[in-house]
Amino acid sequence: MQISVPAETTPNERRVALIPDITKKLVRAGFEVVVQSGSGQQAGFSDETYTEAGASISTDRASLLAQGDIVLRVRKPDADEVGQLKQGAIHVSYLDPYNERELVDTLAKHGVSAISMEMIPRTTRAQKMDALSSQANLAGYVMVLLAAEKLDRILPMMMTPAGTLSPARVFVIGAGVAGLQAIATAKRLGARVEAFDTRPVVAEQVQSLGAKFVEIDLGETGQTKDGYARELTPEQLEMQREGMKAVIGQSDIVITTAQVFGRPAPRIVTGDMVAAMKTGSVVVDMAVDSGGNVEGSSPDEIVDVDGVSIIGVSNLPAKVATDASQMYSSNLFNLVTEYWDEESKTLNLDPEDDIIAGCLITHDGEVVNETIKNL
Amino acid sequence: MEVVFLTFILVLSIFLGFELISKVPATLHTPLMSGANAISGITLAGAFLSSGAGMATTGTILGTAAVAFATINVVGGYLVTDRMLSMFKSRKEG
Amino acid sequence: MDISLLANLAYIVSAALFIFGLKMLGSPATARRGNMLSALGMLIAVAAALTDQGIVDFQWIIVGVVVGAIIGATASRLVAMTAMPEMVALFNGSGGAASLLVGWATLYGSAEVQTFTAVTVLLAILIGGVTFSGSLIAYGKLSETLNSAALVFPGQRIFNSLLLLALLGCGIMACLDPSPDSPWLYGVLGLSLLLGIMAVIPIGGADMPVVISLLNSYSGLAACAAGFAINNNILIVAGSLVGASGIILTNIMCKAMNRSLTNVLFSGFGAIKQGKAIEGEVKPISVEDAYYILEAASNVCFVPGYGMAVAQAQHVVKELGEILEGNGAEVSYAIHPVAGRMPGHMNVLLAEADVPYEQLVEMDDINPRIENVDVAIVIGANDVVNPSAREDEDSPIYGMPIINVDQARTVFVLKRSMASGFSGVDNPLFFGENTRMLFGDAKESISGVVSEFG
Amino acid sequence: MDISLLANLAYIVSAALFIFGLKMLGSPATARRGNMLSALGMLIAVAAALTDQGIVDFQWIIVGVVVGAIIGATASRLVAMTAMPEMVALFNGSGGAASLLVGWATLYGSAEVQTFTAVTVLLAILIGGVTFSGSLIAYGKLSETLNSAALVFPGQRIFNSLLLLALLGCGIMACLDPSPDSPWLYGVLGLSLLLGIMAVIPIGGADMPVVISLLNSYSGLAACAAGFAINNNILIVAGSLVGASGIILTNIMCKAMNRSLTNVLFSGFGAIKQGKAIEGEVKPISVEDAYYILEAASNVCFVPGYGMAVAQAQHVVKELGEILEGNGAEVSYAIHPVAGRMPGHMNVLLAEADVPYEQLVEMDDINPRIENVDVAIVIGANDVVNPSAREDEDSPIYGMPIINVDQARTVFVLKRSMASGFSGVDNPLFFGENTRMLFGDAKESISGVVSEFG
Amino acid sequence: MEVVFLTFILVLSIFLGFELISKVPATLHTPLMSGANAISGITLAGAFLSSGAGMATTGTILGTAAVAFATINVVGGYLVTDRMLSMFKSRKEG
Amino acid sequence: MQISVPAETTPNERRVALIPDITKKLVRAGFEVVVQSGSGQQAGFSDETYTEAGASISTDRASLLAQGDIVLRVRKPDADEVGQLKQGAIHVSYLDPYNERELVDTLAKHGVSAISMEMIPRTTRAQKMDALSSQANLAGYVMVLLAAEKLDRILPMMMTPAGTLSPARVFVIGAGVAGLQAIATAKRLGARVEAFDTRPVVAEQVQSLGAKFVEIDLGETGQTKDGYARELTPEQLEMQREGMKAVIGQSDIVITTAQVFGRPAPRIVTGDMVAAMKTGSVVVDMAVDSGGNVEGSSPDEIVDVDGVSIIGVSNLPAKVATDASQMYSSNLFNLVTEYWDEESKTLNLDPEDDIIAGCLITHDGEVVNETIKNL
């Protein structure tokens, strides 16, 4: 069983799908691992470390793709590379299947079994394979660091002989995995943290990190059975905007993480809210890639709006590429070994299994995933 | 021999008294004092004999006064303690 | 079965009820039930006492009980809630009077009085008398009928010594001739009452609760003595229970007021040193005594310094703060700008322990209201609370603003030794009248106090 | 003065010494001095007893004392440190035997025995006999001379009931005819010894220390009964002190072993349920009992979950951890990867509370050695310790690795209710044989336990 | 009347016994048990009378046996307790 | 009495000597304050905020300088601007008098009373005016943020479904004011922190922040009476390097703050130590301006040495310009008001006073400071 790891081609993607430590485990489990030369370079892993771990290094990307029974990567494959894959190969990566219908069809056409890491269900049992969580977690940390670094003030309170510096105020919108980690990191740095989310259940979670939950009455909201937020009605969005305006106005840092899975991100922070902020304040928009929670944010740029900096980084986890690769890699390992059948030496992609049912998009030449099929 | 027994009883009671009271929150100092004070009105049990044993007049007068005083101590003591404690209770609950 | 045997069994039951009652009175949850139990015990004891075969005539008993019950019930209903302590003093005084009278009456009962009985009678008269007159004075001082200030006059100590001598003399003479008409007996009676007065007048109004508690203990002992005089078990048991538990309670109350029991016990016979600072005296305090004071405090201010950081005491400090808040006290943390060894040192630590930012106050905010602080707990701070920065022009740190903890009601200083701080300057705070030194590692000291609570 | 009065005053002194001694034995710092004080009290009491004018012939006394002293001293010197508990059992047995014999001998002394005396004599024989034979069995089980397993046979309950009935019958008959030669007396004697045996054999070796402590309490009661039989104060005081404090100590020991006193007291007469899980029973535990168990534990593992975060209990948890370490226990914190509501949730909190990174262990490291954990304290975790993830194939969380706290010796689960966790799955852990539920907010529960220490 | 006094003493002693022992660390359980056990050897004080009062032979024999048993309890109990406690001490210091 | 605040001219100097809040206090105390237009812009304070605070705004730098009785600024004056100052004016700023002998002489020549903020003695009483401390404190915070942002890993430990990330190791060399704050900040972020300093007294201070002090036996060291470190002998430096090599090798972040006042910074981290570090590690050199503690560091650059980034920022406090300005400004305020004589409306520069004796460099046409005079 050969596992192939092609180098990432997306610009700024510094992560790698497999790190040497995990490679070693796979080799020990009986897999043959081939890694394209230079894959791990930007995440801090040299080719030698892979060789030491038991992988072979290949410079021939095409043959590497063609021979892999399992192909592991971070980002979705180029449409023209799909054709190079083996018939029946299993391809595991992010896939964005909601928006990449064409790519999905191509994968099906070539008989590739494509697993989409975004589609791992968010159940307790699946958590160890849940790359969205593991990466969002790191993103939450990175956002706070970026904001703190940009801010012209310090986050903690300080009572010093030269006067008292009051703690900076941080407002986190959307307290999912990333939002919670952002809250925790900002709290750690000593900031006064407030947070808001449309799902009322997270109020307790926010408080469990020592932050304050901002109550805004939106009427009926809720979450889907998978734990994702439901989209808000336009009226609700308006109510939310009003309620948050005051809080945003007095915050030094605003961090938005509000995403609704598979759809464009809600526009939460509008231009007038940004205008109401103090000079020197910082806004970080995690949803910049899926449309942006913040008006005026732009991917991989720091936009200055009247002295307020809006930071939009499209690939936050890549900022801590070493750790992000380690976690992504563990997720893949857990996925592969969970379904690895020692006897038959195959991956047992049982459509009855709820995790496989969730994340397996194409199989045996067909789009098998219920949600994607009916899109 | 009675003295021996009485002394035994005295010694044991004193030890017991010391052991009984340990950490008492400040709010209970006054009620506890007042409650203990009411107990010391036990002299009443002795005063009955002085008042009712048909002794010389002076003795009976003294005894009756003793009964009156002891009763004040007992009745007043328990009632006042209860009043304090009831207030304390409702303040806590309210 | 013998009726007196039955009565005595009833006494045993009532003794047990008293014991339970006292125990339960010590905890807020059970106090009220405790008081009822003890009242029930009293009812049983009194009923049993009425079966005594020595009683031939109930009429005077009824008179006495009715009069007493009316007075007691009325007084206890009418008294204002704020006047409770003086009311307790009055009740206590009547208890003392009752014991005195019972002892005295005993002399009229028996034809020939044994020496042992005579001694116990005299003790009942002595203790009862002191309790009675002492309680009246205490009442007077508390209700401000009398001047509540401590009354001191020259020669007081000599006068009191003579008084004691005279009492002893009269007592011995009365024992030798234990007749109810002996002038020595009246001597003892009069002198006892005088002694009660002399013992209480030199004590200031603020100390009165402690005095009443002590007199309460005495009234128990008086009942106990009366019990010996008339050979009654329940008087002995109940009396000595009250006597002993009263002493303990007095001690606890002293600690909560940060005074020592001997100080109160003998203040009538020594010179009164109130208000005079004893320069140069360091007063250490135990964790337990610190607990008693904190438990009674309603405004506590922590003043952390470098020592808190060294001891890594921030977490326990926070916990103590929360406990004190739970106990109804107002809690704040006063941060001096240069406390610690780097700017914001205290902030880092207190934030780590999750002390809410709202409870942190700056030096300039706490100083104007430091007089209202019952206890300022200085945790390993030194230079930043050194009054010589304010007062001593020659001090190298003169002119630096400090947190004026020396102006709080009580100051606890938690440090390991008398060593000086960063700037090497001696600190007169440690010798202050209202300062108590809690020596030891700050974390251990605070943990100790924390575990005293609960 | 009367020599018996003097002896009795000596008894009072020795009673006081026993009281002090017992009190001081309860704290490590004073225990040794306490034991000496109590020995001094014994010396005084024994010396005073020798002045009794009833004693006309000292020769047999001397014989008895010499023989006893030699045996006692030799045994106590020679016994190995590890065999202490069985030695205590033997000594205890001889105390019981002595009381039995004193009671019995009383019948030979007085020509005509009153009913009251007869009852007390029989009580002395009964309790003394049970103590004696029970202690011997306990000795046998502890020293493994006898099979240390619990011995159970069919009809045990009926047999024991009959035994009790027979004892009652014999006792009544013996009271009616209290002569030393009455066959009923021998009946009582024999049956008492049998009762002692029957009471101890169904108890397993591990519970023996509790049994010995209980028998110790009995031997005090036996002495007390003997005291009534021969009208001796000091026997009554010392005997009942030992009897009462022994019960309390037994209770404390039970709690430290997480068993209830009634369970031990009546285990001989009921069915033995050891080792059998009672399915579906939730066993709540009080903060106090939790303290007794933790105090005796030497390996404690905290398993925090989302509830710790909600309660913000991390600081007190850390403090409890430190206290347990100070108490000699090994302390670790087992972190499940998905505990809490975000990755690393527990790390954030424990780092805030400054728990050293060395004490954090991963799931895979703790599971292999979880059997050695005396107490696993589950603080607001639920799904991550749910054994159905391991055992129940139908569970939605089947297959998720969990921390196997159910395999620790004892598990405390701290939560507010029986509610399920994030995944909404019921948790069989809560019904486990070795699980105790400490209901309430986690922070308050832990604070409570913390303040029990110290 | 004596019975009354004895009962008083009994009741007070029992209360005192309950109050005396509170939280005892686990390490002290065995020594405390053993120390209390030694006190219950007080039967010795009663056994003297049985043994030395010149009663019938059987009585004296029983009495003497009682003395011997009680002495074992007293002597052995105190010594063994002391041994345990001394070890405990040195372990703590060492 | 006019206080003049000229705009800073040094590149990258974003701080301002006076912030509006303090301006208000000075105006209330009776001073006339003139601020050059745009001075506070980069620290987040617009001209209007100064006007509101009661200052006048001037665009004429020359007249502003010529009319000021007291001139407050952050950086040392240009030599050619000294001539524009009023005779007898008091000039308060950083001055670097040890290395700027010429400038000092010019100031003396023009009869300017120059106060050097670096020279405020480090006594307990002077702490409120001690700008070195207040700025170093902020620098300590900034260094950790820069390093954390650059590092490819996260600082805190995290036990997650996707494996355990061990905490990053941070090594702080030199535990003065900046070093201690760096320790505190890194601890806050959850790193495992170690520290070293030549002065043994700081071991306890390091531990008081929860970090570990690395013991290296150097023989006799010590500190001067002002609390500064004494310079090490070459042998001692060598011993220190050996001892630290091991620690540095396993650290993810190394932060150096070792300075010896008035002299070039000691070279502590040599090239071979850097070479021994893991790829992706980060070094921050606070002393980069005075020669650098780290071999290869260069001001305002991130030097990459075989995968190890060496960050040298010459003006760290300016990264948090708002707070830094507030603190510097408080220091100046405390200095001015401490010596302001209400009656005579003059600054009472009493040479007997130990603070003045320490920081007053020139007065009445002469160099009056003992240390500088005898240099």
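Which chain is which? They are A, B, C, D, E and F, in the order written, and residues in each are numbered from 1.
Keep this in mind: a residue touches a chain if its C-beta (ideal position, glycine included) is under 8 Å from a C-beta of that chain, and two chains touch if they have at least 3 such contacts.
Predicted, not measured: the structure shown is a model, and the values here were computed from it.
Between chain E and chain F, the least number of touch steps comes to 2.
Looking at A-D and B-C side by side, the one with more C-beta contacts is B-C.
At the interface between chain B and chain E, over half of the residue numbers appear on both sides, which makes the contact a same-residue one. Between the Cα centres of chain C and chain E there is a gap of 38 Å. One inter-chain figure worth recording: chain D and chain F are separated by 66 Å, centre to centre, where each centre is the mean of the chain's CA atoms. Each chain gets a centre from the mean of its Cα atoms; for chain A and chain F, those two points are 39 Å apart. Counting partner chains per residue, chain E has residues 1-3, 5-6, 8-9, 12-13, 15-16, 20 touching two or more of them. Shared contact sites, meaning residues of chain D that touch two or more other chains, fall at 19, 233, 237, 312, 337-338, 343-344, 348, 351-352, 354, 452.
The set of chain A residues touching two or more other chains comprises 127-128, 133-134, 137, 156, 158, 160-163, 165, 188, 190, 210. Arrangement of the chains shown, judged by which pairs touch: an irregular graph that fits none of the line, ring, star or complete shapes.
Contact between chains, per the stated criterion, is found for A-C, A-D, A-F, B-C, B-D, B-E, C-D, C-E, C-F, D-E, D-F.
Across the complex, chain E meets chain C through its residues 1, 3-5, 7-8, 11-12, 15. The part of chain D that touches chain E in the complex is made up of residues 18-19, 21-23, 25-28, 31-32, 34-36, 38-39, 41-42, 45-46, 48-50, 52, 54-58, 60-61, 63-65, 67-69, 71-73, 75-77, 79, 81, 84-85, 87-88, 90-92, 94-95, 97-99, 101-102, 104-109, 116, 180, 209, 212-213, 216, 219-220, 222-224, 226-228, 230-249, 252-253, 256, 291, 295-296, 327, 452.
Here chain E touches chain D in the complex through residues 2-3, 6, 9-10, 13-18, 20-56, 58-60, 62-89, 92, going by the rule given at the top. Put simply, chain C touches chain E in their complex at residues 4-5, 8-9, 11-12, 15-16, 19, 233, 237.
Contacts from chain A toward chain C in the complex involve residues 156-165, 167, 190, 192, 210.
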